[in-house]
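Same chain, two partners: chain A is paired with chain B first, then with chain C.
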Partner chain A sequence: MARYGMIIDATTCLGCNACTVACIEENQTAYWGDKVRTRVYEKEVGSYPDTDRIFQTQICVHCDDPPCVDVCPTGASHIGPGGVVLVDYEKCILCGACVEVCPYDARYFYTPQDVQKAREEYGPDNEHFVPHVDKCTLCIHRIEQGLEPACVATCVGESRIFVDWDNLTPEQEALAKKAVPLFKGSDYSNIFRGNFDPKPKIRYIIDKENAVPKKKVGVGVWLWHYLAKPLGLLSIAGILGVLGLNYIITKPQVKKIKEQLEEMKSEEKNKEE
Partner chain B sequence: MGEKYVRRFSLWTRIVHWVHVFAFLGLIYTGLSYFIPQFGFLAAPLGGVKNALSIHIALGVLFVAMPILSLFTPYPYKGLVKAFTWDKDDNKWMLVFPKFFFAPARYFKDIVSIPQGKFKAGQKNNVWLVILFGLTSAVTGFALYYIRELHSPELLNLKFWLQLIHSLAGTISFSIILGHIYLAIIFPPFQMHGFALWNMVTGLQPAEEAEQFHRKFYEEALQEGEVVEK
Partner chain C sequence: MSGKISRRAFLKGAAGVAVGASLLRPSRAKAKVTTKQIRYVPSVCNFCSTTCSIMVAVNPKGKAVKIEGNSKSSLNQGRICARGQTGLQLLYNPHRLKYPLIRVEGSKRGEWKFRKATWDEVIDYIIKKLKDENIQPWEIAMPSGWFNCVFYMPVSLAFTLAYGMPNIVASPMQHCVGSSHFGNDLVIGDFNIHDEVLADYDKADYILAALGNASMGGISTSRAVRFAKAVRRGAEVVILDPRLSETASRATKWIPIKPGTDLEFFLAMMSEMLNKGYYNADFLKKHTNMPHLVFAENGQPVMEIDKKRNMPAKFYVYDENSKKIVAVPGYTNTNEKDITGKGISPALEIPANVRFRGKKVITVFQLFRKQLSQFTPEWAEKITGVSASTIRAVAKGFGTAKHPVMDPGWHGSRYRNIVLIRRVQTMIQALTGNIDKEGGWVFSGEHHEKVANFLRAMQKGEEVRPGEMPGMLFAMALLNLYGNPRSWKHGHPHFSFAFSIVNEKEGKPAVLMPAFADWGLDEAVEGKLKWLDGKPYQIKAFFINGNNPIRNFYTAERWKKFFTHKNVKLIIVHDVLPTEAAAYADVILPSTTYLERDEPFVYGNGPNPDLMKTTRFKVVEPLYDVKSYPDVAMMWLEKLNLLDPFYEWMEKLFGLPAEHYKKVVSEEVRKGKSYNDALRKATEMLLEKKHPGIMARMKKDGVVLIEKKEEFLKKSALFYKLPAPTPSGRVEFYSYMMAMMVQQHGYNEFIDPTIKYIPAEVTGKKIGENEFYFIYGKTPTESHASAATLDNKLLSFVNNLIDPLEKYGLWINSKVARKLGIKSGDLLEVVNTKTGQKIHIQAYVTEKVRPDTVFMPSSFGSEARQLKVAYGVGAPLSEIVSYGVEPIAAGFLSQEFTVRLKKL
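Let's turn to the complex of A and B:
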């Protein structure tokens, strides 16, 4: 079993954005409206005279236990070959639950306007033919052809290293020891699962601060997913159960009721007479 | 001599009711197909979840339009006033009904001894609960539609609070309607004079049934000449 991912060495990232451009070119995604699958964040750290500028790429980290797949109500977000987190565009209703719960902000809405624009830019046969939530596919189509993801292949500083976590080379193993998930378990925490570890397959080598901003996830989406869905299922099952039981109990009693009715009728007749 | 019936539901009432039934059941069917993953298979006959959502939105408009249209049909307020008029007999009926529901033979005489109007106390409760949760679903549904069209990540937190209320209101409405359907077509003591459902199809209720379960309404109907033979 393969578990595809990346080690991103933020210490060698030049901030050239070649990864972003290669991704757009390869996947014919939007380059308009600040909608990209991967981008470079930069941050100035330290105080004069000991200052530095750090560059760090943001991308879907393809968790082994992804919160986005967990909350998807239609099964559109799913774990594909090699543990890559994918979206089935036909099944996506753009509810935005996955967009909301991803702390990396690695997903965005590919709206009907974007579909129209993509048609104009890339032709009618481009893969973004219906509105959907879009995200990195780790260029799974390239991996299946024995190639590296486009962003890895183009990375000038060789900061992005494509790996199969189940089959690391000795060089990759040395890097893997230094690589850490960008966000901690507490960054994914919610009131129902606590600080769980989603086990990201894209890990970073960082020697300074984290430049990728963490998004705050609202409580509403967790309540909707963990409370409303099971409650809906339970209440429907419970009511059907009670009604079924009621039928079994009350059906045999109809005969007795009819007898009582007859009695009541004859009593009335007697009164009238 | 034919069977005696009471004229109970006007043609308009029946049309509004059945269009509302169609819209409501369609909303539940499509809504479930993309709300609870276990019900995802429901979307297949509709051509997928995207279609299910489009149908859900269209039915939502119908669901809201029908009661509004019904206000322009003849005598809509008369029925509403009856549904919202509550008296001491209704209190008594509500106390006896839970016992009658599970032990109808034992409590039959008790329940029929309480005179009820055109609507039983339980039916009156059904009316206001449907209005309350229907309105909640409608308001949150329209808000969700507009927020969805904006595709704004900044509004997602608000959207899921609304989604939570919308889903809970839909679940509660469906639970209530399951009870209503059960009583109308399955609950054996209410089917002794034929399917209660037929009352809403033909507009006529067997006189004997009306006399037992809606005595005040039956007596009014007798005086107004609304009892017919067929």
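Let's turn to the complex of A and C:
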């Protein structure tokens, strides 16, 4: 069994965002709404002349124990081949539980408006044919063809290294020793007294302080950590209750866009005939 | 574990109850399945002159869907930067020029009032206008983009020579290739550092760079991938830059040097290296002119010249074995044998009383050490603000490293002493012997190939065509064509040379080698340039070819003045996007993008040290009624009945057989093919005859490997094994090329063949209150002022993602900003203290820049209204930088001024 992931060597990241653009082009993400699956932020630290620029890579870290999968009411969020955390677009009801619970800020809504826009931008054959929650798939479709994820393949600084944790090369082994899970020693572990470990498969090599982005601890994370995780069943009703609202709001739009899509498809078919 | 699974199972169940049936489930497979039907077409990236190899994914409907780096090419190793990734944004940009346009009669240039036209119509319009206004070929100037050199060289040269149009104004010449690269070229004989040298950064253990971010963090992918490997390996990286660039942020040591004082740093560093013995004495003795003798009294070289070939015939060295002065051959790679072939041991330092023809002589090495002795680290400390101990440490670190690499540099004429700065940097690299060697500067496979062919032909006594000459010889051959009045039937050389010739005659300041420059254009447009025949040498028309001089050149105001001048009767623009310059056109000839064409020739893989051949393959059919440069050039020539001389020049310069090209092209064109495609067909036929199957391999892999770098370095490393295209074949510390220039033009300190210290104009200038040094530079998401990267939704997204102010604003140090009451986002008026030029730009308050300096990203400030994404974002460099050129190659003095700020 493979356990796919990445080592991100923050020390060689040049902050060029070739990865960001490669991912947008490969996965047709909703960048017009500032929504992408991965990006590199930048932070300035220190004061002149002891200044430094920190490049922070944000991406889904593909937890072995992912909170997003735990809270998904429909099974849309699931662990796919190679341990990759995926969303089944057709099962997703846009309730948003996963978006709220993700400690890595790695998910966003591909809204009905975005689907519309994607059609203009990428053509009617675009990948995002229904509204859904979108996230990094580690380009599993490329991995299955023997390719590296798009961001890794083009990373100019070779900062992103695609790995199979169960099958590291000797070179990767050396890097893996230096790599740590995101948020280690940062806010999260303090708040959760070191208990917080969803076992991410994307790990970072950091020689500079704060080389990873931080996210404020949201309600969802608390709910998941203190209710859903330990208590299981009990919390589900609560989370669904809170987030069902989201579903009710988006449902008519989802329906509309799907109908439009069907219409367009049949029109095209007619044209071809 | 099992607990979790059951919880998930339950969740699924619950969901089924809650929402299950209510959702429509389109019964179609995931869209990604279609990736299997994707086909890949190889091409070459066009976003900068690194020329990365790419593979473009095309879906079954024929739409290009993704660009990938081509991993078959060892140049960019399968990777491309953010700019290269967004090539499809250019191809599918809705603001593209889609069909030929003619300016509406009665409208003014710049108003953007055009009517749709056909190709026949526009070509006829041009020919008629040229005739009606009696515009002679030399009265047309062609501001031209870099790719017209790199990919279309034979077309560019044959077109202009056949037509009699010497006035190519090439966009990278004054910015970098002509000026800053010339410094490197003088020492090691290459012509263009972009194409001909790629340092082995990945194997380096010490990297030192100055004067910009472009080559590594900026990004040139071929360099950046190698640089990052060095960073991971823990190499020492020292970056001189007044601001903390991306490159500097990855350094082990960032030295925020005072702007304009790089020369002083490097002089002190070189002086220290010579004093402390941080050099490779064996290499200097054998493969450089360090042991060559010069007269002690005046520093003139002891040499004999072959007057017939105008080449050095003999140099003299002091043989340590025989303790005698002996002659060594004029052109060779080594001083190990005298002219009779006897083994000798040339000395770097010789006894004080050695005389030649009665006069005291010393070695070049001794001369340089003496000259440099005044440039102590303490001296440099006062000027550069870098401590003497730091300079000593860098000299030691670099000079004693196993694989030291000085970044050869990209872009940046910047200061009047730029040629000398780059020359000294190259000398420092050469002191270590780390040239054309694993882990050092390595010449490209193409350069190696050309040198080897050239030497072979020389030995056989065969003639070498100008276009096939290597390095500096090619550059000199071109200058002799375009800069020499006798090369043209009409007696008019390029107007910059004409301006120099006239100025020199009148005792006015002249630029010695204004290669494809814009120097003198003001005079030529205004009719003030009086040529030797007593008549004005006038520029009456512009053919703007893949270039936007309003933003690519300085100053914007100056170019707008040309374009609206009453003497300028015709402006033709051939481009992809409606740039500022296009707005001033009378006729617009829309161009294909690089993804919509096969190109006529097969060329090398940029600076790749492996010799690989490549070309572009058409990824998609042209989306609109657009044509390529060869189509435009040849349709134009056809109307004037000048296609025959066109083919003849291709043969004369590049050995492309005229008869073959003429025959194939006319057949293909008769069949309805375009000139561009017909040329390609002719090229393919020739290649296939020589190397059957090569085009199929290229179409599959994008590149065809001819020979590996390791083979070259083993067999034909320049200097170590073969002579290079310098006048002496060796590394030239004492510049024989400059000595020739002195002979030709008389002495001035800029062309001193030794080292004559010339500070930058801004150095030593008193900086007043609220006055700042001005620097600019490159960011990873933009090509220099290129509309292709500016009018680009994805790159614009990335710029905004990080911090729009950092990307578009004026960087100012936070301490100073506080004093002046400036906050990030405040609108500032920036005034050039030399000329009063003004721009408005938002402030970006940061700790990443020196307190006495402001930094501006180089590319923004588009005012092309048709470019909806680019329009109005940031401020234009070409409106704050003042016009001025250095005296060797008319390099732009783009940082030789200071600015004052005012909060608005």
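As a convention for this text, the second predicted complex is superposed on the first by the 201 of 273 C-alpha atoms of A that agree within 3 Å, B and C clash if a C-alpha of one lies under 4 Å from a C-alpha of the other, contacts with A are read in each partner's own complex, and residues count from 1 in each chain.
Operating definition for what follows: a residue touches a chain if its C-beta (ideal position, glycine included) is under 8 Å from a C-beta of that chain, and two chains touch if they have at least 3 such contacts.
Because the structure is predicted, anything quoted here is derived from the model rather than measured.
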Based on the superposed arrangement, let me know which partner A:D207 touches: chain B (first), chain C (second), both, or neither? neither
For A:D197, is the partner it touches chain B (first), chain C (second), both, or none of the two (neither)? neither
For the three-chain arrangement built by superposition, which of chain B and chain C touches the greater number of chain A residues? C
Touch check for A:F109: first (chain B), second (chain C), both, or neither? first
Contacts of A:L94 with chain B and chain C, given as first, second, both or neither: first
After superposition on the shared chain, which partner residues are touched by A:V130: those of chain B (first), chain C (second), both, or neither? both
Looking at A:G75 after the superposition, I want to know if it touches chain B, chain C, both of them or none. Which is it: first, second, both, neither? both
What is the shared patch of chain A, the residues that chain B and chain C both contact? 72-75, 90-91, 93, 130, 232-233, 236, 240, 247, 251, 254, 258, 261
Can you name the residues of chain C that touch chain A in the complex? 3-4, 7-8, 10-12, 14-16, 18-19, 22-26, 28, 30-32, 34-36, 59, 61, 63, 65-69, 78-82, 84-86, 88, 216-217, 219, 221, 224-225, 228-229, 231-232, 244, 246-247, 249-250, 254, 256, 780-781, 793-795, 797-798, 801-803, 806, 813-815, 846-851
Could you pull out which chain A residues touch chain C in their complex? 9, 11-12, 14-18, 20-22, 24-26, 31-32, 34, 39-42, 44, 46-49, 51-53, 55, 65, 69-75, 89-91, 93, 123, 125-127, 129-130, 141-142, 145, 150, 153-159, 232-233, 236, 240, 247, 251, 254-255, 258-259, 261-262
Complex contact set, residues of chain A against chain B: 72-76, 90-97, 99-100, 105, 108-109, 111, 130, 218-221, 223-224, 227-229, 231-233, 235-236, 239-240, 243, 246-247, 249-251, 253-254, 256-258, 260-261, 264
Give every residue of chain B touching chain A within the complex, in rising order. 32, 34-38, 40, 43, 48-50, 53, 101-105, 108-109, 148, 151, 153, 156-161, 163-164, 167-168, 170-172, 174-175, 178-179, 182, 186-189, 192, 212
